[in-house]
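Given below, in the form of structure tokens, are the structures.
First chain A sits with chain B, and in the next complex the same chain sits with chain C.
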Partner chain A sequence: MAEESFLTDDFLRQLMNVGEVDILVGLPTHNNAKTVGSVVQTIQSGILHGFPRDRAVIINADGGSRDGTPELVTGISIDDMRPSFNLNSLRTLHSISTKYASSPSSSVAMRTILAAAELLRAKACVMMSPESANITPEWLSKLLRPIYNDGFDLVTPTYRRHKFEGQLITNLVYPMTRALYGLRIREAYSPEFGFSSRLGSQFLAQNVWNDGTEGAGVELRFTLAAITGKCRICQSFLGEKDSVERRGADLVPAMRQTVGALFSAMEPDFPAWSGIAGSQPAPTTGADQEVLLEPLRVNRKRLRSMFSTGVVELESVFQSILSPSTLAELQRIALLREDDFHYPAELWVKTVYEFAASYQKSVISRDHIIQALAPLFRGRAYTFLMENRNASARDVENNIEGLCLEFERLKPYLLQMWEKGK
Partner chain B sequence: MREMIISELSQALHDIARGFAHFLPRFIVMLILAAVGWVIAYLIKVVLRSILRLVKFDKLSENAGASQLLTKAALPSATEMLSRFVFWVSWLGFILLGVSVLGILGLQEQVARFFVFLPRLFVAMFIMFFGLLAASFFSRAALLAAVNANVPSPRVLSLAVRSVIIVFVLSIVFEELGLAEETMLVAFGIGFGALMLGLAIAFGTGGRDLAQRFLEKKIVRRKDEENEDELSPL
Partner chain C sequence: MPLNSDALWYKDAIIYQVHVRTFHDSNRDGIGDFQGLEEKLDYLQELGINSIWLMPFFPSPLRDDGYDIADYNAVHPSYGTLEDFRKFLESAHDRGIRVIIELVSNHTSDQHPWFQESRSSQDNPRRDWYVWSDTDTRYKGARIIFLDTEKSNWAWDPISKSFYWHRFFSHQPDLNYDNPAVQEQMWNVMKFWLEMGVDAFRLDAVPYLVEREGTNCENLPETHKVLKELRRKLDENFPGRMLLAEANQWPADLRPYFGDGDEFHMAFHFPLMPRMFMGLKLEDRKPITEILQQTPEIPSTCQWTLFLRNHDELTLEMVTDIERDYMYDTYAQNKTMRLNLGIRRRLAPLLANDRRRIELMNGMLMSLPGTPIVYYGDEIGMGDNINLGDRNGVRTPMQWNGETNAGFSAAAPERLYAPLIHDPVYGYPAVNALRQHASEHSLLNWMRSLIAVRKSTGVFGRGSIQFLYPANHRILAYVRQLGNETVLAVNNLSSTAQAVELDLQRYKGNILIEMFGKNMFPRIGDLPYLLTLGPYQFYWFRLRRI
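Let's turn to the complex of A and B:
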């Protein structure tokens, strides 16, 4: 309850009017007027379908929208939904909106929602993205049922994705999280996930809000906290992943959110991950992951040239981060012709592990370390595109699995780098 | 006549002996001060070196780019350099104190001026160190941002950022030391003005094609690029 101090009086008053709830839907927003209306309607429909007898609330934490997003969230009434679905909720569905700051911050939004969940003693909670164009009412049930009925603490999603989408997840976040923490969670960083109030309160009490990372990648930190806290975790297949608002140009911010969060969690979690070898599958409802194979135009040349430019131009930076042998190997492949270019899995894993160790030792500014990894990731993405250009869904999965095993195999190398120069 | 000479000679010898008798204790005091000063300066050096190692000053200096300069000049590490510098300044202070005890006219004024100058020297060093640190940080930030934005010649941009900051820091350092203030001010004005003029001309003439390409890319070819770069990293 200590967390209620940062909530506004008006928000606390609204929460008190709601009383206790069974289900809480968290919706962080910032200028999402284009999509938030349909998302809220889908959420309401999901509650009507899946939880008509339960007390539910939608908590919108807004980061200073100027396009009327909060008004849209609170303005949509569940009564508009009932006739179209011929369904009746036995309870009132509340929608509350609070402006937590004048600029967006996923960490503050999440903290607000977790504090509200704790105050309202919600039994099961779910976070939803206000940008999801593919959201369906079933997503709510899929993310909430395992918590509500089966006693799980965290439900992470799995999606149907194009084989070339989400390469930062498939080439770094998933394999490295799996190798470190020993649990195969495909989407450790996702805007949609379900969680128990127990996990929410546990995370709220942790020192992740003021640890100098400015709450970057709080969703990933939440998943990692669930793993290290020995919580019950499962995965649920939702359907097609939407990528309307995400572009290749957003790579550096995406790396800060994911790789930065993962690297910064490694230091406090060292006792938890250092002794783990291999990995275990997480219980999954539905498909583990589905892959779409339709043709997609990708600017491969740009990826390749940005890798080579990065290796040449950032040599002085890499000298502080990488071992001489890894740097020499990168410089060698940077000179290869486009047809011969190949960034092998082993070299990629060593690169990432050396970056993680350098991040821990703060050899240069930590944010600069993350930024310096971006051009190298582009090189790996190019190789992934080339390797899987004509690959079937099974081949793609096999390639990802191979990379994961490489991350697991080279974990002693990470430990060696980690301990070196301590 | 002979007696006069002997008398003057004995008087001179007497004066010399008296002067020497006056000078000798002072000289011994000076030697003692120098010896005690050496011991104190040495202790300061050892303590400072330990503190600097504890706070990982070498790493900080490496980040500032100062270590690279020292290595290139075949000098010891930044910790060792600073420790030695403080040792010599401290010992020199004691020696000068000893010299002032000798009571030599003119020297006392110079000694006083040295002690007035010391704080300014330390402030200048402080500004120089953190200036180098800032130059290194911002030039690296510019380099990384330029590489990730696929801007042509990122190293030139980074070097420009570093140069501007270092020139600015040097001008402050010289001003703090009171060395050739007017010359430095004029040199800084001319240097900075020339740099800005150069950049303006470079952007105006050399960047014409770049600006054209930039606008074309933004306006004309935007749709093609959008079709090609829609890969989401997450």
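Let's turn to the complex of A and C:
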């Protein structure tokens, strides 16, 4: 039986009216009325400043907002801004919106946007977050120009972040992705990125939409697909990333989106990553990554206590995931006094690799595996905070680099664990 | 065919713009003349136009193609005599064709006897007929129009040892309209031609008549006062005659030239024209609808004049910088095509000789609100010669046939006032009136049919307009309405086929009659009206409730 179309007739009609475009901006939303207005205005401004001659459309895929988000997206006219920004558009600037049938899902939203990009034959596309409080019009050019002018397929962002922000990225996603796939992409999982129609169509055709993962971490999987598909990838520095956006995110859902997606991809991608040793930098425009040093309040005590409690309470789970030596070492450090507590890089890397191998073997429910990693990550986060408490920006970067090298160095250990599970 | 007696005749006019020099040479001197033009009136009548706008034909040193007049009350000897003009005028009127002539009122040639007297001494009685100054620092707020050639609006006169004011070329001194004698003299000039039977004047460069310190010397109230007085005299003495303003301004600045229906009858809509080209290239109706939205209402007796191309460059003064850059990059990549702030090209080459685009642009010209002007030769798709200087590349001889000198003149080819177009695509062997006359599907015959359909209803010349804004932005659609008559025009600006859904609920129950083939289209029902259009296709539908 043919698969039912996931695009509504009304959405198709809107796409038909837009016709072929040069620039497509994807905007997945769900109850973002507070922020989406200014984001759309900034996007429009970015299009008019950076691409005044090009055919452009903003595609909003909405997960059933009840706060009027889609109406805000389509209701904002560039004419409202013209007097204040002295903007002059040559063309009609389209904003269209569709509500997809299922419950809010970044995967469905992305699939909808990718399908629209293919149907409209967009030359260059960009995904934007509806919550980006720090978005500037230049972000559009920074993410689109390398695709539009230089033939890149994927442009991932780099940001100016606080040194303790985004620890899941710096302690796990970035170093592990880098070690696995051999390419140094700082923000492989980001709500903002640019991509070519070629990559969009390639990903759209992949069997990631109905593979049982419910599209978790689709943005990360998109990046990984670009790497394994031998696409041209670069990074572009966007500036400061608003920390508010991610602060509210709970750890476990965030891990499902990132670590879960990464672990899931490892099995199909095995031929691509298993032979890679070391890593190469990705071409980068602007700064590689900038670190801010002003104070950020973190409850360190709670991190450590959740680690220790987790090690005790989840012992039986860990027994099926971790090697005896790794578990023993974790149990040892769990008993250390606060001042002496230290979760060393090597132990952390081995922990993560053993979790990845167990994920592949599905020793227990895959979701439970991801949940079980959460308290251990908190322990590692505590160590990262302590190690970098007084560190300069350069020191922080050096420490992250050291961790990355440890992930690369221990990659044979991962392969060993992986093979053992077969 | 007598002239129709309607005082608002200009609303139904279809104007053909021609320079007598370019059209047909009857006396073998290589220069077109009034006898030659008269001989070709049958051609124009067959084309369907009902007004001719003649570019300046007065005695002149011809340093600006006749816009530098040396005698307002005579005909340049190259073009014939006053008697020849009179005969041409009568013949045109006999065919129901009205004649519009130029009144270059802002300035004269520096060879005009008025200026020669004025410069001869400081106390000459005509000294104040022009704008003189001891310094070149007055009126600093006035822009320089011919940027490519002029550095200042003041020129030094070595004879009277002072500066004179000129808004255009330095050999074109501006008349001083603060002097009542100048105003009176200009009315005498008008009277001279009106008494002969001329139907209308195109007043050249009207925004610049009066100068005032601290202003940009454009569109000043004092200028409007002068113009209103001329109009008053015209209505009083010659009812039914018409004044057409050439004022290259934004619509809001143009509006005062209509006054309360007591200044100009018509004015060129300069900003619309480049936006039609822009909309076509962008495949987006936005530039067109945007400028028409900004166009103010005008008194009921007044009318806009629309054109695609004319004897000047495609002016880009009334566009933004970003729009001008876009126009240059898309329509004049070769920099020799650019002149001042514009593009010196004819219609067909601008549109890459694409018949579909030429038809669409003419379709819009004939269906948007206003009186259309067809520039001579564009009805057969004539090309241009960008190697000729200034704007002469779009002023080459009319191409009548594929024979010697394109049938324009029996003179030796080297005596022609300008070389013919010879290139393989636009040259006269390929593009000429005779050949197109014989070909049923030629551009010429299509233009005749277009004009005939336009003239079949008063709605295009006099009707209201309501834009439809279908979601497909490549489609420019509007409803023209006059009394019980309603016409729907739908234009596909895109190079690809398009589907469009039109909200025609207001007209539910009507059937659509396509105006060229007179075929019936389905009745308007409850659903949006679905149309498909081929690349650059347009439809005109008459709405009928049967």
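Criterion: the second predicted complex is superposed on the first by the 413 of 422 C-alpha atoms of A that agree within 3 Å, B and C clash if a C-alpha of one lies under 4 Å from a C-alpha of the other, contacts with A are read in each partner's own complex, and residues count from 1 in each chain.
In this section, a residue touches a chain if its C-beta (ideal position, glycine included) is under 8 Å from a C-beta of that chain, and two chains touch if they have at least 3 such contacts.
Computed from a predicted structure; not experimentally measured.
Chemist: Return first, second, both or neither, reflecting whether A:T309 touches chain B, chain C, both chains, or no partner chain.
Modeler: Only chain B is touched by A:T309; chain C is not.
Chemist: Looking at A:A254, would you say it contacts chain B, chain C, both, or neither? Reply first, second, both or neither.
Modeler: Only chain B; A:A254 stays clear of chain C.
Chemist: Given the touch rule stated above, what does A:G166 touch, chain B (first), chain C (second), both, or neither?
Modeler: It touches chain B, and chain C stays clear.
Chemist: Once the shared chain is lined up, is A:Q14 touching chain B (first), chain C (second), both, or neither of them?
Modeler: A:Q14 contacts chain C only, not chain B.
Chemist: Identify the partner contact of A:E338: answer first if only chain B is touched, second if only chain C is, both if each is, neither if none is.
Modeler: A:E338 contacts neither chain B nor chain C.
Chemist: Is A:I364 touching the first partner chain B, the second partner chain C, both, or neither of them?
Modeler: first
Chemist: Quick check for you: in the superposed arrangement, does A:E401 touch first (chain B), second (chain C), both or neither?
Modeler: After superposing on A, A:E401 lies clear of both chain B and chain C.
Chemist: Could you figure out whether chain B or chain C reaches more residues of chain A?
Modeler: After superposing on chain A, more of chain A is contacted by B.
Chemist: Output the chain A positions appearing in both contact lists, the one against chain B and the one against chain C.
Modeler: none
Chemist: In the complex of these two chains, what residues of chain B are touching chain A?
Modeler: On the chain B side, the touching residues are 59, 62-63, 137, 140-141, 143-148, 150, 154-155, 225, 227-234.
Chemist: What part of chain A is in contact with chain C in the complex they form?
Modeler: 13-14, 16-20, 52-53, 55, 88-92, 94
Chemist: Any idea which chain C residues touch chain A in the complex?
Modeler: 278, 282-287, 320, 322-323, 326, 470-474, 494, 496, 498-499, 501
Chemist: For chain A, which residues are in contact with chain B within the complex?
Modeler: It comes out as residues 164-169, 189, 243, 246-252, 254-255, 257-258, 296-299, 302, 306, 309-310, 313-314, 317, 320, 363-365, 368, 371-372, 374-375, 377, 381.
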